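A single structure is presented below for examination.
Which chain is which? They are A, B and C, in the order written, and residues in each are numbered from 1.
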Amino acid sequence: MTASAPHLHPDRLLPASEPARGIAREIYGAVRDLPLICPHGHTDPAWFASNGRFADPAALFLTPDHYVLRMLRSRGIDYDALGVPRRDGKPVADGRSAWRLLARNYHLFAGTPSKTWIDHSFLWAFGIDKELSPETADEIYDIIDARLADPDLLPRALLDKARVEVIATTEFALDDLPHHQAMAGEGLIGRVRTTYRPDDVTDASRPAIAENLKKFGELTGEDITRWTGLINAHRRRREYFRRFGAVATDHGVPTAITADLSGAEKQALLDKVLAGRHDADDAELFRAQMLTEMALLSVEDGMVMQIHAGSRRNTDPALFAERGPDKGADIPGPTDYVGGLSALLSRCGNEPNLRLIMFVLDETTYARELAPMAGYWSSLMIGPPWWFHDSPQGIRRYLDQVVETAGFYNLAGFNDDTRALLSIPARHDVWRREVSGFLGNWVAEHRLSKATAAELAKHLSYQAAKDAYRID
Amino acid sequence: MTASAPHLHPDRLLPASEPARGIAREIYGAVRDLPLICPHGHTDPAWFASNGRFADPAALFLTPDHYVLRMLRSRGIDYDALGVPRRDGKPVADGRSAWRLLARNYHLFAGTPSKTWIDHSFLWAFGIDKELSPETADEIYDIIDARLADPDLLPRALLDKARVEVIATTEFALDDLPHHQAMAGEGLIGRVRTTYRPDDVTDASRPAIAENLKKFGELTGEDITRWTGLINAHRRRREYFRRFGAVATDHGVPTAITADLSGAEKQALLDKVLAGRHDADDAELFRAQMLTEMALLSVEDGMVMQIHAGSRRNTDPALFAERGPDKGADIPGPTDYVGGLSALLSRCGNEPNLRLIMFVLDETTYARELAPMAGYWSSLMIGPPWWFHDSPQGIRRYLDQVVETAGFYNLAGFNDDTRALLSIPARHDVWRREVSGFLGNWVAEHRLSKATAAELAKHLSYQAAKDAYRID
Amino acid sequence: MTASAPHLHPDRLLPASEPARGIAREIYGAVRDLPLICPHGHTDPAWFASNGRFADPAALFLTPDHYVLRMLRSRGIDYDALGVPRRDGKPVADGRSAWRLLARNYHLFAGTPSKTWIDHSFLWAFGIDKELSPETADEIYDIIDARLADPDLLPRALLDKARVEVIATTEFALDDLPHHQAMAGEGLIGRVRTTYRPDDVTDASRPAIAENLKKFGELTGEDITRWTGLINAHRRRREYFRRFGAVATDHGVPTAITADLSGAEKQALLDKVLAGRHDADDAELFRAQMLTEMALLSVEDGMVMQIHAGSRRNTDPALFAERGPDKGADIPGPTDYVGGLSALLSRCGNEPNLRLIMFVLDETTYARELAPMAGYWSSLMIGPPWWFHDSPQGIRRYLDQVVETAGFYNLAGFNDDTRALLSIPARHDVWRREVSGFLGNWVAEHRLSKATAAELAKHLSYQAAKDAYRID
């Protein structure tokens, strides 16, 4: 990160005025180059297993990045012209013309985290110190395209270059983890880890739920038609994931509702789901009960439980029909954490072995619910600002609202949570700058000593994530 | 705006510290004197049509301004003593004594936007560089009263003086637009425009709804007893409003709920409403369906659709009975935009011709719902901070929470949305100062170049409103 | 407050940069030593009546302070080891070992208000200028323990030392006020006052409600089986409390729901409650109706009505069973003030004699509901930031969101609302610093004159509380 560019000032994001700026600069200087802990994200394990080159610049920066795609779409640019694949297989624009379209509209990203990440990636990975624009589009495309085959830009080399100490991918319960199996043979597990995300067998609103549960039974040799068998199947599958480095589970849910049903109720619910007789309320109840079951299994096996709650997925049915999920039409909603988590926490919230990390999209709950809850329950920690809120202002609002009540030590550090490998260092860098700025301001206001601020910055930049995820 | 006063410092509202202040001052200097685009507001078209003098200072600054009235009332001052007309016609205080009461209590407005607007108006329109106080009350009253007949303070001259390039008024569907007709004869339409606000025929909770719909049919020659006839009536009426410059429609609604019913359901609902057999739920459904119908008509005719959602009106029944609406007892509530707009957006949210500008009173939705939605849907833009939030801190919270996710180019610029003609330049000035301060801070934090910040400031101060409202 | 310590910088919490810091320092200097008005809190009247020494440092700083306890618990520290009494009477840690545990974990409080209050108390009351740590634990314990018997650290002397002009305690309706009776004989009433908090006879969700109501009837000589008798009992009891200085009532409620039932409905509801036939909805309705009744009695007798709304109590049933209430498991929830208070305000919100002070835990309502309501209703004022939000950032968010709409004069000044006598000056000091910082920033932004800012700072630090609570 010693490279520089006119639009990437070394002091960027730090407080605008002295003395806070100077203090923040000093704090940041001591954490800037710490290794990266990436305990939650969505990079593709195939990259690390096969270690092949990335296809082309558009495939790297544009088509998989729903942050970028949606912004262009919001200004009237068609997804076909951006090269976003269609379910009907009809042709879409090629990489270079999509890239040019991005370049022509790059001004739309002024002030967005997407621009920060892209600019940073250009410089960090490719040494490009120019901004993307209609004039530079082809030049930058060619530079990136040419460099992608270089050994220092293959996926494993990028992990080294970015000082990634640990990175977790995320796989569904039915995934056989072939890439992790391959990596196990090469001794890569530990640095690369999977994460158990059983939404495919816990979300009964999916059309394939009964089929998925059947496969789940076959895969584990358990009788998933009985509730205890179903839980056993999870128990075995979690153990299988742990063999490939998993230290955590992850659960993507629209609400934070949990349940604690009786055995008979649970069996009746499962019977309904397997028979396809369940309605939307049943599906929600099934999901709610499964969260509590996952918590109970975490008490048993010590896996850290992550809940990512509050996104209403696929709010544009036309888009979903045309191109599938994760294309920008997922929008957050209000979320009730106290009522929602009540069943789970009443059941096992005081278990010393439970570690539950909450990720939220409803910022109104930071100060009102999450910080008080994390400041009480020994099992509960607050994940970093997520998705729309993983941005400079988002991080400021988060720290503003959580630390006074939850303290700094109930935070789980940082997650980049990205599908874009190159954005990983950029995202951690924004977090480290913002943490340094926040702490620098507090030192300047005589609320913390410099020594304490330095210690907290190191904790939040590195150690907190290791501690929270129980990574040795 | 070259005039100055001790309490109106040239740097007011700009960042407190260097270097952000100096940068912001420079940005502001370049946008301060740009013409004003006023695409949404509630000035009286009669003013511009007749171009007569304003009655007296109290009628100009006090009695029509519910911001000022409610604050005085909140500290125990009676509306009779403030000259607020009563429905029972009983006498209320005269202008001068109401004015003195305002002056005696002007300290209550310390730090409020109302004070900013009034102080600015005094200086801008009348050259008064003193603050209102018990000591200055009569002197200021007399100065204003004397000046109101001067040619340069007549309504049309004020538009020139304020550099108003375009101003839209707002009229109900049953309004015949007599003042706009008069202005058409004088070639004023284009600079002054109407806006189609059909709440009088879409809000079935109004006692007069059936009668209004009947008039609506007569006015348009359509059979409003049939749903298609009702829509045709709107189609014709929108065309009539466009003849008087309308580029937009406007819809004031307590929630953002929309619906997309079948033809039979729509007809059954209309039958109920016309027969007066509808309950509160029916009224809400009717309003919800009409929003979708208005969007579909906007797809046809290209009129920009504005939704002002989230105010619970007339929360003090005693006040309403005594003095009618718009007297300070309208209070915002939580609003669900994702669920609410779902029917409308699923139906026509991807239509290239649809332009929907959302105005919100529930700030919790800025980052959680509005910015993600505007950052995805090509049809959706975010209106400026509205009503209680059209203030320095309100603008800061707005920019803080929307731009990172929605970008700057999904914002619709500024609306003054005022009933007070003299406050128009004051309100635009606050917006321009705040935008400059926000951008100046970001430049000082090295997040934007000065050139980009200057461009964004101009866009947000002028061009964005023209673009958003499709004003050539 | 002339004492100093390395970690308690004289400028702490004031703005980080000039010129705001210098201005804020000047504002703060003029309010720092004003007497304290403490119109709402939970100190024990026995302290002032008996004027005995405090038991030991842990009993002073740790075991009664749920802010401190919950934070330690949240990091896995057992309440037994912290000396928190158990309902089953089993032994818990002694004071000194609990103190050492606190000292070992004091770094967890970095950046929390708890640390601010404790550090300030150490210095202010005991002259201790060191921070608590494993190294200083015993030394500090011994200093405090030794000093607690000194005459200048007895409760009444502490009131003098802290310049407390007035302090209100809070007692339930069934309390006989023995300590206040004792103080009356010594002429202390006026400086010390009780507050009427009838939750014990208005909250029908309490198992003992019928029994409590029966006692209430006996105590007052009223027939509480009739609604009018029940109201009469309150009328008499309020009069009794006023004899011991009460100027206010207080109501702790999970929501802000109020009701305005007919006489027959009220009697039927009371019958149910007395017979124990009421369900949760009935209990809520009873509470809702009682709030309106309390407002009507306030109209009669002029007592200021306080509502503390929005805490979901005892969210950890295991903790409650083991150690009772107020141990850190109370978590706020969303609260609807407009809908909730509608019945009460429609009934008597315009009564000149009504004064209702709202305390909120749902910060989203500051700008959206509370400020507009307080800026309209003459009866309504906004209490200071409460509980989790009585912190530097909490105060900043509060002022940011309320003053532009409600003005400064609809705020009720400051309440320390504490159970910890020694934290009183620390809490007022944080408020005064934050108010000075906020105003200093506004002066630096040329939004207020220095003279106005100085006046507002004095008002918010002292006079506002006296005015709001009608304390002469």
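Just so it is clear, contacts are C-beta pairs under 8 Å (C-beta built on N, C-alpha and C of every residue); 3 or more make two chains touch, one makes a residue touch a chain.
For each chain, UniProt lists the protein as follows: A, B, C = Uronate isomerase.
Treat the numbers as computed from the prediction; the structure is a model and nothing was measured.
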item: Residue-number overlap at the chain A (Uronate isomerase)/chain C (Uronate isomerase) interface, same or different (half cut); value: different
item: Angle, in degrees to the nearest 5, of the Cα rotation that carries chain A (Uronate isomerase) onto chain B (Uronate isomerase); value: 120
item: Where chain A (Uronate isomerase) and chain C (Uronate isomerase) are represented by their mean Cα positions, the distance between them in whole Å; value: 40
item: Numbers and ranges of chain A (Uronate isomerase) residues touching at least 2 other chains; value: 15, 17, 334, 364
item: For the chain B (Uronate isomerase) and chain C (Uronate isomerase) complex, residues of the former touching the latter; value: 7, 9, 11-17, 70-71, 73-76, 107-113, 116, 312, 315-319, 328-334, 361-364, 388-389, 391-394, 397
item: Contact footprint of chain A (Uronate isomerase) on chain B (Uronate isomerase) as seen in their complex; value: 15, 17-20, 334, 336, 338-339, 342, 345-346, 349-350, 352, 364, 367-369, 371-378, 380, 400-401, 403-410, 441-442, 444-449, 452, 456
